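The letters A, B, C and D name the chains in turn, as written, and every chain counts its residues from 1.
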Amino acid sequence: MKKIINDPMAFVDEMLEGILAAHPKQLRATRDPRAIVRADAPVQGKVAILTGGGSGHLPVFLGYVGVGLADGVSVGNVFSSPSAETMLEATLAAHGGVGCLYLYGNYSGDIFNFDMAAEMAALEDIRVETVLVSDDVASAPRENWQKRRGVAGLFFAYKVAGAMAESRADLDEVVRVAKKAVAQTRSMGVALTPCIVPAAGVPTFTLGEDEMEIGMGIHGEAGVHRGPLESADRIAERLCQAIIPDLPFERGDTVVALVNGSGATPLEELYVLYRRVHQILQAEGLRVYRTYVGEYATSLEMAGASLSLLKVDDELIRLIDAPACSPFFVQM
Amino acid sequence: MKDSLTQGDVLAAIAHIARSLMASAETLRELDAAIGDGDLGITMTVGFQAVLDELPSLEGQDMANILMKSGMAFNRKAASTFGALFATMMMRAARAVRGVQAIDLPTLAAMAQAAVDGVRERGKADVGDKTMLDALVPAALELAKAAGEEVSLAEGVRRAVAAAEEGMRATIPMKSRVGRASWFAERTQGVQDPGATAIYLMLKALYEYISA
Amino acid sequence: MKKIINDPMAFVDEMLEGILAAHPKQLRATRDPRAIVRADAPVQGKVAILTGGGSGHLPVFLGYVGVGLADGVSVGNVFSSPSAETMLEATLAAHGGVGCLYLYGNYSGDIFNFDMAAEMAALEDIRVETVLVSDDVASAPRENWQKRRGVAGLFFAYKVAGAMAESRADLDEVVRVAKKAVAQTRSMGVALTPCIVPAAGVPTFTLGEDEMEIGMGIHGEAGVHRGPLESADRIAERLCQAIIPDLPFERGDTVVALVNGSGATPLEELYVLYRRVHQILQAEGLRVYRTYVGEYATSLEMAGASLSLLKVDDELIRLIDAPACSPFFVQM
Amino acid sequence: MKDSLTQGDVLAAIAHIARSLMASAETLRELDAAIGDGDLGITMTVGFQAVLDELPSLEGQDMANILMKSGMAFNRKAASTFGALFATMMMRAARAVRGVQAIDLPTLAAMAQAAVDGVRERGKADVGDKTMLDALVPAALELAKAAGEEVSLAEGVRRAVAAAEEGMRATIPMKSRVGRASWFAERTQGVQDPGATAIYLMLKALYEYISA
């Protein structure tokens, strides 16, 4: 276990200390050190977007707390849900008087805790709506797409809902575009190596020296195909073949693409992968409006990558193009 | 052998359940690793340790508070699917003992039913989905039946444990239909549900306390 | 060798294809596909900043071609210099009529090639000045600091010189602040694992399962201390102890800090490392004006991190704070 | 046995040198891996292959062009410290043969001196710094001396090879003072400089061609 850490049990709290020390103008803790909000929270008159989940996925979740993105986050242990109480604390600190959107990935631990937080918030007369991200096509069949787990497509949801909230739209509008972004997003990933949760000290799963797993979840949940490691081009083809017919993305559609690295895979490889994805999208008659390549949702030091596509219309393009700024993601 | 559980008994029973489940953490971790993400072991260890740490401050408080705060303590330190459902069960059970001085079998049956309702509402799952409900629902039904037959508290809980055990084993051939395990539903057949196992172990520990 | 690639020999060219496909509004190739410039190059009346070096270090070098940063880059094979001809091509495409600054790391292969390019550019009446980044304290003693190799401190040099050039300062001014940034920067790194150059297929060096190397260069050049893997806090202390007395950074100084990941090390660990760095800087009486944490100069999938400190005055603060925008680095 | 080198000889000699050095790529890789970054093997393979690929297009061109373009081709495909210095040597040598029809020993001596000057200017290093100059400088001096003594081309080159070999061996105990190897100067003692070795091997291949 080659990690730059101290006590594995203190990993998350020390990471948070480091983040707050590095970005004091942009982020602050609340009474609960695991509940972090924008430094200027609460922004009065603005719908507050709250998110959260387990640690180990930076920039997900905390990294998307910022202007044009989310307002607050509750931070769990590595790959584990934060508590309802922490989410409530983040909610109280971020609520700007006009309601909250809980926007996060579809994991039952998070759902149960955030639903409890929402019920507690309701007792304080705070209106909370929830939108779950469920973009991973590998995790459930098409007709059950809302049962799928949330992966890198979270980024699109934050970007879209965050831009809408920043424009001072009301909660219903923010919910509407968040749902729209989620419904129009499809993702799938491939893993080449597992990662090690510091407190556990053992790999999350095992994979042969020349194997890869297509459809792997961001905590190492099993995927749809395990086989020999293939070329970047072949991986790109597999990912596109799974994603494109699923929505479906159709000839003439405009899309935003995201090639995401899981942690250990170099940016160079992500671009080699995107090269083939781009060729395929063009061949399929899809217009690529914008492309993001980098680490947007990781699994510690897992090697691998994922592809996400968002089908956009004029409204989504406007929201995707809006500026955003957090210590982890800046767009002008 | 107890006929009913006083406030002191509730504290002691919770402590006994906590220590029993901590001792079974590795078993639960393995089951969860086979069909989920393997975090249920650490959830048990951390969650029940948090409960044990909380108990001293709960001495002298009323039963409802003891139950509610134990559940909250668990989930605060070990938030998770199981943690949230455990906290929900404890909060609902707490409501069912408001004003009660000693828990007899009918009260325990009411608590169990309240817990079942809470888990159902929170998790939107039902019997047959391969969850803790497969152990909890039959146990609650058995408690209600035993309460109607006016058997002793110990006998009622003994029957509930048997029902939970049967429900737990019934999960083995099931396919997961909710939660993380549902993403690889096929592969879950043949493995006993870890959450149902935890419910059985908790009831068994309660029976040990009552029958001691 | 678990990599998402196709033919290892085509790695760099396919990566470039992917980058250009992803960011057509920001970057373009020249007649030489290895010479890449800002899409709006040449910017008339602006000093052009040219950089370059081996591949495998993204965002270094190509990632810093953008507004408020560099204007063009020549791209070598993995860890090898680009040719003089490529650098000349980038120079011709980026030159805005008022001279060029060649700004890159102190490696003799790059120096010899870029000097040749500068001589060829001179034949076209293009004035070229060169500033070398030599920030790695592990590579030569203090009195020979200009013989040191360039590592993540490159980022500060791009940021400072790029902001100055963007303000339409003349070449002498851009050279002056670039030299100032270089002279005020000190860095040191630690490696936990090697990386594999695709065309070579074997690790760049070997390190025992529980070993780390302090002072490792970004191509796997040996460092100053090899020993058992230590805690994040101890690593932070070692890096600070090497860097702080070297400039020296003294009580009352204001600094900008950069904690850089080599590739495989998760962002979470970088923040755990920064936590202790921040404590030490405070204890030493250094004021931290701004902190960057992330992957700013990598070595493919090497696990490890580096710390860079830049001592700033009002002028450098203004240049560091200026906006910048490339596909790989955005600051508002 | 050649007394001088015509334009055709220059093409053939370059091809022979290229193939010889490609055959020694692994040796050079190992030396560079020991005290540098180990890229000199691939530099040789790729760079000299580029030269071989360029040669057909150079047939019929004058000697200066052949030398210059071979050097450029090498560095275009295998840009590096060695590549840039090789290109520099070839360009400087090219200048020394402008208008020459056949290379005799005095011309070769002039070419070698021009190459030395080029490497010195480009690299700002000198004899004793543990670089290719430790082989190249004595070889150039020996060529000049032999030219003064009016020995045959082959004999002159033979003496230059011997001088280069001695200079190459002399690098073994030296500490690197320039380039990548200087960053771990201490550890470079005891290893022969790869660049100096390459110079020796190139001269040796030239001798093989002339004396064949």
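The rule is simple: contacts are C-beta pairs under 8 Å (C-beta built on N, C-alpha and C of every residue); 3 or more make two chains touch, one makes a residue touch a chain.
Only a predicted model underlies this, so the values are computations on that prediction, with no experimental measurement involved.
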Separation of mean Cα positions, chain D and chain C [Å, integer]: 33
Chain A-chain D separation of Cα centroids, rounded to whole Å: 56
Inter-chain centre distance, chain A versus chain C - centres from mean C-alpha coordinates, in Å: 29
Overlap residues in chain A, where contacts from two or more other chains coincide: none
Interface hub residues of chain D, defined as touching at least two other chains: none
Touch-based graph of the chains, sorted into line, ring, star, complete or other: line
Pairwise chain contacts, counting only pairs that touch as defined: A-B, A-C, C-D
Residues of chain A touching chain C in the complex: 2-6, 11, 14-19, 21-23, 55-56, 58-59, 63, 190, 192-193, 209-210, 212, 229, 231-233, 235, 257, 259, 263-275, 278, 291, 293-295, 298, 300-301, 303-305, 323, 325, 327-328, 330-332
Interface residues, chain A side, partner chain B - complex: 76, 79-86, 107-109, 112-113, 115-116, 139-140, 147-149, 199-200, 204, 217, 219-222
Chain D residues touching chain C - in the complex, by the definition given at the top: 37-39, 42-43, 72, 75-85, 87-88, 122-123, 178-180, 182-184, 187
